[in-house]
Amino acid sequence: MDFQAVLNEIAEEITPLLGTGGGQVASYIPALARVSPMQFGIALRTCKGEEAAAGDSGRPFSIQSMSKVFSLTLAMRGLGDTLWERMGREPSGSPFNSLVQLETERGIPRNPFINAGAIAIADRLLTLGDAKSDMLALLSSLCGDTVVIDAEVAQSEADTGFRNAALANFMKGFGTLDNSVDTVLDVYFNQCAISMSCVQLARAAGYLCRDGTHPYGGAQVISEAQARRINALMLTCGTYDAAGEFAFRIGLPCKSGVGGGIVAVVPDTLSLCVWSPVLDKTGNSQLGRMALELFVAKTGLSVF
Amino acid sequence: MDFQAVLNEIAEEITPLLGTGGGQVASYIPALARVSPMQFGIALRTCKGEEAAAGDSGRPFSIQSMSKVFSLTLAMRGLGDTLWERMGREPSGSPFNSLVQLETERGIPRNPFINAGAIAIADRLLTLGDAKSDMLALLSSLCGDTVVIDAEVAQSEADTGFRNAALANFMKGFGTLDNSVDTVLDVYFNQCAISMSCVQLARAAGYLCRDGTHPYGGAQVISEAQARRINALMLTCGTYDAAGEFAFRIGLPCKSGVGGGIVAVVPDTLSLCVWSPVLDKTGNSQLGRMALELFVAKTGLSVF
Amino acid sequence: MDFQAVLNEIAEEITPLLGTGGGQVASYIPALARVSPMQFGIALRTCKGEEAAAGDSGRPFSIQSMSKVFSLTLAMRGLGDTLWERMGREPSGSPFNSLVQLETERGIPRNPFINAGAIAIADRLLTLGDAKSDMLALLSSLCGDTVVIDAEVAQSEADTGFRNAALANFMKGFGTLDNSVDTVLDVYFNQCAISMSCVQLARAAGYLCRDGTHPYGGAQVISEAQARRINALMLTCGTYDAAGEFAFRIGLPCKSGVGGGIVAVVPDTLSLCVWSPVLDKTGNSQLGRMALELFVAKTGLSVF
Amino acid sequence: MDFQAVLNEIAEEITPLLGTGGGQVASYIPALARVSPMQFGIALRTCKGEEAAAGDSGRPFSIQSMSKVFSLTLAMRGLGDTLWERMGREPSGSPFNSLVQLETERGIPRNPFINAGAIAIADRLLTLGDAKSDMLALLSSLCGDTVVIDAEVAQSEADTGFRNAALANFMKGFGTLDNSVDTVLDVYFNQCAISMSCVQLARAAGYLCRDGTHPYGGAQVISEAQARRINALMLTCGTYDAAGEFAFRIGLPCKSGVGGGIVAVVPDTLSLCVWSPVLDKTGNSQLGRMALELFVAKTGLSVF
């Protein structure tokens, strides 16, 4: 398939829609609020190493919750099944109920992709090693480029992250966290503040469509079963309270972030990243979502 | 692949475990409570028409919530996208919260596979036509056999279905149901009380792995997009509050019932049904689930 | 104290406000929806038998949830402390959570004044005797007049009471009700449909300010401790989710109904009823509430 | 009435029960966990200045949540009705739902006596002045004695108060707090760590039975209406999720703390404090509650 032609078509269809959909860019921190809404990028890399890209595919943006895929990867690699002693694997079910469910389930996050889950994973990574540099090393290796943290974003996250501090303190009270709340939050906020481009993210996610093998070297990043399971978690829990809708309309494992990025996986075929900063009311990129629907319609690629 | 050999192996591994797992058969109505726990069946049918079966694969059992796949099919076929005006598509998030969520979301069921959703679909089918006979006609056609309702089970469901009556009345109060509560519940209880065997169910689900085409004739039962979307709903919402776990460990669209059956789909490849009456604490067949894990491990078939 | 003068003053201050507050009369059934909003009545009876009244104090209106005080009285008299095996005594905490709490607390209503609690009490009264005629007999005796059910209201309640049917079915599923759902709801809807005037209700509630003794004969209707406890329940749970606000501003045991009536008790002193059909957003009579605040301000009577 | 005789009788009846009830002292911090369970004290002071005491009535203990009455008093005095812009006045409805309700109600605590409410009041007191010394000054003045903070308890509260930190951060995220989370929590933890005896607390609460006037000087501490309203809040919200039960069985405004103290008010008559460290499952002093029931039974004093 001529993927470059497909991405070009998508970019041509999406670009005229920039600024028309009525949504907003994330505004809870200044560094995100001032990102221009008039941007759209898309990039993919096949299992065989073929690449294609269109639009603003080389411009770095804040990966935010997309980082949860990679921190989960580090934790699964380091801890195996013991990771799941402090973490569930079920969809969370309601847009605003993370604290509610955390209370009902006595401090055990429902899955690794809600904030509470990712904070608990940051705690596990701190116990395993140097959480921040391990994460940067993994991402840099996966995409073959130097990946960095946007210090301004990280600081803003810390300054305004009261709800995440609430989650962390709440879990600490239940014994879910081993390390201090401040240290754990520092790791979490820094992970969210990593900057990457569509091209870098499409490359970095390559191990998820290659049965866990490194997109360049081919070494096993995680086992084949683990790669499949991350895909399963992305499909059921990767796009906030729109996971059912994404499965229904797009049918691919996806993980989104409030920076406007969405990474998607076609198992055994390719990994993909779209980016456009304006969010819909579920917190997912409005045009990114539309671009993924177009991609599936044009290529017929879907897990179902 | 020699599917018959695979199913034989699975049956050999599962049969010694009958009666050892500590779970219980569904006990809320006598007709289900007296089903022998010492039964296991498995059957599949490929897109090309190849069949395989092992164990008690020809014995009829109560399909219960597996009927929700077929009533959804009828409703999607009859209503298209207007169906979704009274129904969500998101996982429900918690084992016991159907009433809670129904209250929060003002009478709109979260998805078609929770009881509230299936009751709302029964209401839609009543408005569309003769809900009970349409359902039997669809199932009989799909499996090439005469499918019937177990009248004793239907009566028992009606006699003890107070919680379903609560859901139906609650939705009626919100305007989600057009028909009378009693009529809607009668359809719902009768759908749950249909009896089928693994072989019949594996055949009947064939349209879901064949892009919506009839497993025998090849006519379009529903559109390709609709078939994909039912598979997506099964994967995200088909096994109660264990949907995340099923996706994680099995990675196939599945729909289970408290009669102990689970139907699964490998898109473009085959449809499958397992049955064993003892349930785990999530309400899914204990050994059925194990059999599906074995099937995936032995064949490498998974959507991820 | 010259209570007649006090009530006259209150009526003079309240009457000009009729039709100005922006609320609505209850509209879920036609018989309530067509009640003129331009009505206000107030009546009281002291422990010594002194009476005073002003405004539309002799006009009958639908007592609705005020009936819960009297059905509770019958149940406490008939069952003593065993009543509390199926019923809590705590405030319910949130305007819309009756079903939520009923689910959390496994079918045990939180107190006798939420709908679920009153439905469970109707069930207990059916087991004790002839619930409907026992209730009419009690009320007729207490106010020295013939009290009747408004059949049109009762029928409308039954026709539209889906949410109450949901509550009853839900409790039936948990085993909280002994009698059939239909029979229990029939009693409940008929109790709510009783018509009484302010004068009748002020008289009927007299036993609550007289240590449980009959307002006329002086015989013990319930024990002194039981009368105190009903007052305590009225103060903590008697006015829906405004019970804290009523305690804070008025400081008297009160029970309201969506017909616009509120009965109040000054222990050892008097019983009081106000009525005005327009409701505020908490479901309590807007001007009735204001009249009670005026009453407390003018007389200094309050339990605190 | 010979109150000294009444308290002597109560102490005689309660003392043999020490150590027999099966409850536990609060154990979440070492300083509370090592308090001997074998202690009981009771003291009262009438509006006329008569005093009575029995048992360990002069021994200081940690007042914990009883401090909420006095911080509310300071906030009502300083802010008047504007206090209620960030605070509700309704019972909370469920033992464990403070975070749930805080989420549902967008960061507005349901009343000033749940932890979230008292933390929000600590924030208001910080804006008004020197919260810690204002509190000590008020208490010292009210009981005519020097009141101090137990520094070890305050430190332990801070070290283990993750859930309170969660509440504070959560409210900060909603804009309910003006001051920094750390400063607010420091005030809150120090208020909880104040030590006082039954005699001191019975004296200090005297303004609540004297229409807001100082128990010694007679100056107005707060207005008469404010005093009544604090009593109303104590009755509806003062004893965690047992407020309905306390109203039902005891019928007096009460505020308890996990140190085992309960302060009670008989309006226009007396203020009272009981203390015994073993808690029941609702977090209220087991024998303190029983002592209050005895007091009401022996004296006939109750607001109902």
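Every chain is named by a letter (A, B, C and D) in the order it is written, and numbering of its residues begins at 1.
In this text, a residue touches a chain if its C-beta (ideal position, glycine included) is under 8 Å from a C-beta of that chain, and two chains touch if they have at least 3 such contacts.
In this text the structure is predicted, and so the values were computed from the model without any measurement.
Trainee: Which one of the chains is farthest from subunit C, going by Cα centres?
Mentor: A
Trainee: On a C-alpha centroid basis, what's the spacing between subunit C and subunit D, in Å?
Mentor: Once rounded, the distance between the two centres reads 32 Å.
Trainee: Could you grab the centroid distance between subunit B and subunit D? Build each centroid from C-alpha atoms only and quote it in angstrom.
Mentor: 55
Trainee: Distance-wise, how many Å sit between the C-alpha centres of subunit A and subunit D, to the nearest whole number?
Mentor: That pair's centroid distance is 47 Å.
Trainee: In subunit C, which residues are in touch with two or more of the other chains?
Mentor: 97
Trainee: Linking chains that touch, what shape results: line, ring, star, complete or other?
Mentor: Looks like a ring, each chain touching just two neighbours.
Trainee: Which residues, counting only subunit D, touch subunit C once they are in their complex?
Mentor: Touching subunit C from subunit D are residues 88-94, 97, 101, 104, 110-111, 227-229, 231-233, 235-237, 241-245, 247-249, 251, 253, 267, 302-304.
Trainee: Within their complex, state which residues of subunit B touch subunit C.
Mentor: Residues 96-97, 99-100, 103, 162-163, 165-167, 169-170, 172-173, 181 of subunit B touch subunit C in their complex.
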